[in-house]
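Note that chain A is present in both complexes that follow, paired respectively with chain B and with chain C.
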Partner chain A sequence: MTGNVLLEINDLAVEFFSHRRKIHAVRGLDLTVLPGQFHALVGESGAGKTVTSFTILRLLPPSAAVTRGSVVFQDHNLLTLSEDLMRNLRGREISMIFQEPSKYLNPSMKAADQVIEGIRFHLGYSEKAAYQWTRELFQRVGLDGGRTAMSRYPHEFSGGMRQRLMIAMAVACNPSLLIADEPTTALDVGVQRQIINLLQELRGEKNMAILYVTHDIGVVRYAADYVSVIYTGRIVESSPKDLLFANPRHPYTRLLLESIPSRDKRGSRLQGVPGSIPNPENIPPGCSFHPRCPIAQPICAETLPPMVKIESAHRCACFFPGKDLGLPG
Partner chain B sequence: MKIFRLFLRKAGRLLLTVFIISTAVFFALRIIPGDPALVVAGIDASPETVAAIQTRLGTDRPILAQYEEWLLSVLRFDFGASLFSEEKVSALIMDRFPLTLVLALLGMAVAFLLALPLGVLSAVRRWSFWDYLGMIVSQVGMAVPSFWLGIVLLLMFAVWIRIFPLFGGEGPLHLVLPAVALGVNRGAVLLRLVRTTMIEELGKEYIITARSKGLPERVIRYRHALRNALVPVVTVSGIQFGYMLGGAIILEQVFSLPGVGRLFLSAIYQRDFPVVQGGVIFIAIVFSLINFLVDMVYALVNPKLQAGGG
Partner chain C sequence: MKPLLRVEKVSKTFYGSGLLRRHPVRALDEVSFEVQEGEIFGLVGESGSGKTTLARTILFLAPPSAGKVYFEDACLNDLPARAWRRMRSRMQIIFQDPHGSLNPRMSIRESLEEGLLNLGVSRKKRMERVRKILDDVGIPFAQAEWYPHEFSGGQKQRIVIARALSMRPKFLVLDEPVSNLDVSIQAGIINLLLDLKKEFNFTYVFISHNLDLIGYLSTRVGVLKAGRLVETGPTEEVLTNPRHPYTRELVENPLSFIKAGVP
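Moving on, here comes the complex of A and B:
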């Protein structure tokens, strides 16, 4: 099994401690990413998407603790790896791009230098070779590779260009996994498409898997191979994209899909998911979605539904998968 | 290009400041009672002698003519001669200023040596031994006036343990204790600032990016966090350097060092007006020049200013 799997997260639980209160950010999450896969991790904000991606790179703040589970990447359990070995993986085998590139770039460092330092550290390139490689990367991601352009500072770039710069940094050492944490949320719609297309191209060229964290179902439909739907720190449905969009089983997934307007449903009301995500300090027992679920039964409030196979790789954690939600229209 | 415009604007402000201070000094000395000619001649002098001295000093001429001449003399950096030694004021100042400057620079070096390592260490290992040590050092350092620290240091290291000389002189050993006395006080302020800005920078998102690139912690701290943390530190340390010159003037008294401080103080006691005038203008110019340099350095370390240049 391990031969074909790039990243496998098993029963991961992450808790935050703040002011003596315990917050369950991730509660028994399972996730498998295959080499070269565009894997979308979808959910509302506060569902634990970002915490999961930060856990993979072990970048959680000191107030967070992993209480259970394992994160296995290419046969290494990342949670028990020494700090030195972990550092060798970061930026080289697993890299990350973030939601707001303006905050995640060093304001006082020239654009090219922010790319060069990783290349020099991981690949041991000479100053000149690293500069040359950075110039190629700049051109590849659609930035000006001229000497003056490369020595600009991040604030002289537009939002889209900053995200391109982040991407150049992230792919500089040809990682096998790129974690993209809502990389297009802060960008204009037109630029969003360009960035996603760029990521798709780079994925093909470098045979790099992408774990794409988002709340935007439209992006998922456009780009993903495989989708995992996350709700209060657990995966509720995971499936190859086409199967999921053709036949969503979990009520949460179905409501999420209802929330995007599509051509054949134009004119019908935008449904969305009723209610709001529960307070992570006080997550409902049983299936945590039951208070918002239109088809909830007494059992849903008592027992946690296990992940069951629907067909081939399509799995869902619901006692009543696919039952009619009784939605109008 | 923007940085050049910034340079011009700041240089203009520098000249304006010096002009305003020159004017203030000129009229202040005309308003305060007491004729300088009388001070030179003595109370018992005959009116003829006083008039002769007034002619020599130029104080008998119309006030606007005097003002014009005064402004020209400021431009030429020529403030006439001392009423007593009859040496040129500019020569007197330039003779003694290097010592004061070296003392202030050494004080600044002590302040940085204290503030940078301890400030960074306090920020990186918060609530550790080093952080508490830093807090104690900065609290005590800010509370203790530098002249008192100077006296204590003299007592300890020149009287009880005779490592350093007690009085005056020009050798480098003579500057060690006053530089420490000067630097500790200012370093205490900078230490707090370095700690605060460093903690702030280490909490920013670009530090997470640097970690996600797999960079060693040392590189993250110094190349990423410290560089950004130093932007406000540079500004404040420029202002600190101005205070440092003022402090040097006081410590010259404690340590009997022949710097400009001693020159100006004795000129004030003796009512040696040309020296006092020249001294005030000189200090004002040095202060403005430091501010100007700080602004330029700030623009260089802060790329946003370089480009935005607003």
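Moving on, here comes the complex of A and C:
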């Protein structure tokens, strides 16, 4: 492994067991995040995005098990790390923000105290120093650093402010990786942009990598350096952003991009992706996308297509990358 | 051309209960617009701008505090109760969350029949209509006895649309009908709504926070901000040449595809 990789996930598989059923949430996922990179993990609901981020932090519920693969972060396999070391790592080296901050904030604890708690635990700051640092963080994320904002409770904040508070908590210990799971999905477009811009600035200042989990192509195109497209627990295409948008190769990626409504498409039908996401208990063999794919051939139902290089860092798992999909128009 | 719906200076004020009573909230402030027959009128605005309140107000699910609403020349403000019953079936509304819109203890068939029962349609005719409507929205009739939880989000939204269709409406208010759905599923529902519109010559008021979607769908657009309609006009004109600073902000947002074009 090279020294220039921050996080490397290899052949990761995660299964959920419930009522004697086995659900394949992640099935052989490979992902590489470089230091300081804005890496977007894009996929639709049920694709395994959130399971992947929870696996990195080892926060999976007891009903889930990692059955294969490794998650290597700064040369440590997180899957075999002791719980003590893991606790030191979470919030310090890798932190996370979520779609609904209110679910992850303590409603009965003042805003500042929630940030101070982490700083004292991880960095061993004195109460006074932690308070001082929190105050700076509040100002940095655009919350008023005065007494009033700091001594408020989460419910007194708007959705955007709560997300800023989560960000303050997440970056308090200068982590080298921030996992952001749909952090702006519940926010208005204007606020969305502010939050993304804030994340971008912090990334630059702290050389922090961001693994941004989302289904929103608009956000991806605006902010990401690098994009990985996930479908039924596997990466089907990954690429530097500009290459991907200029030349999407996997049929799923292409149909997804065709599905986005926009003014340019007025009067023509939206493409959509035929069929629906397969039942995770019963994922089709071979390429799991083949039942929905307009260019599927017999081989697609039999053999799992490997990731192959298209050009430079652009890779795609399809036997017929870029083949004409025969779409109208 | 005669407007199908005319909204005249509609305001809606909410008075909280208890201590909050002293601080009335003006959710809509003298909103006026017209919707022509057969058009798709798009309403955009951020959360809290009054989009849903407006939807509910024009259908008198929450009567306006002031102002008038006309539908096909009839003033809805002073419609007698019996006339309302007939009027209701002509105007339907579809909400964002299909799950919350369906009774979990009723099979799909029962949900679709309910409105028809109310209108006294015979059993045979009801079954015919349910079969036809499910076919229209792309749900197999074989699944008519299924319950809502057995369907996916996209299918549930199709069923909600089917139920609205069962009343043979003329006018539909669609309140963020695809916001909860994935892009690939979204496309199917949007196509369905456009097909149905063509087939039955529906008129839509389409509410969304997604300007790209409104830009794709609507013939005219109204921009709502803090309970006021700050700009209205043909979609193409509003998107190319926004007048109000707020509209400009929406159009120029780099997260949307309006300026940058689709990837």
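We adopt the following convention: the second predicted complex is superposed on the first by the 320 of 329 C-alpha atoms of A that agree within 3 Å, B and C clash if a C-alpha of one lies under 4 Å from a C-alpha of the other, contacts with A are read in each partner's own complex, and residues count from 1 in each chain.
Note that a contact is a pair of C-beta atoms (placed from the backbone, for glycine too) under 8 Å apart; a residue touches a chain by one contact, two chains touch by 3 or more.
Bear in mind the structure is a predicted one, so any value in this text is a computation, not a measurement.
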item	value
Clash-or-fit label for the pair chain B, chain C on chain A	fit
Chain B versus chain C as contact partner of A:F245, first or second or both or neither	second
Partner chain in contact with A:Q192 - chain B first, chain C second, else both or neither	second
First, second, both or neither for A:S151, with chain B first and chain C second	neither
Partner chain in contact with A:M109 - chain B first, chain C second, else both or neither	first
Chain B versus chain C as contact partner of A:Q139, first or second or both or neither	neither
Partner chain(s) touched by A:S95 [first = chain B, second = chain C, both, neither]	first
Shortest CA-CA distance in Å separating chain B from chain C in the superposed model	6
Contact residues common to both interfaces of chain A (with chain B and with chain C)	none
Contacting residues of chain A [partner chain B, same complex]	57, 59, 87-92, 95-96, 98, 100, 103-109, 117-118, 121-122, 153, 155-156, 166, 169
Chain A - residues contacting chain C, complex	44-45, 188-190, 192-193, 196, 215-219, 221-222, 245, 248, 255-257, 259-266, 269-273, 276
Of all residues in chain C, those that touch chain A in their complex	46-47, 152, 154, 182-188, 190-191, 194, 209-213, 215-217, 235-236, 239, 249-250, 253-258, 260-263
Of all residues in chain B, those that touch chain A in their complex	204-206, 208-216, 219, 223-224, 227-228, 231, 301-304, 307-308
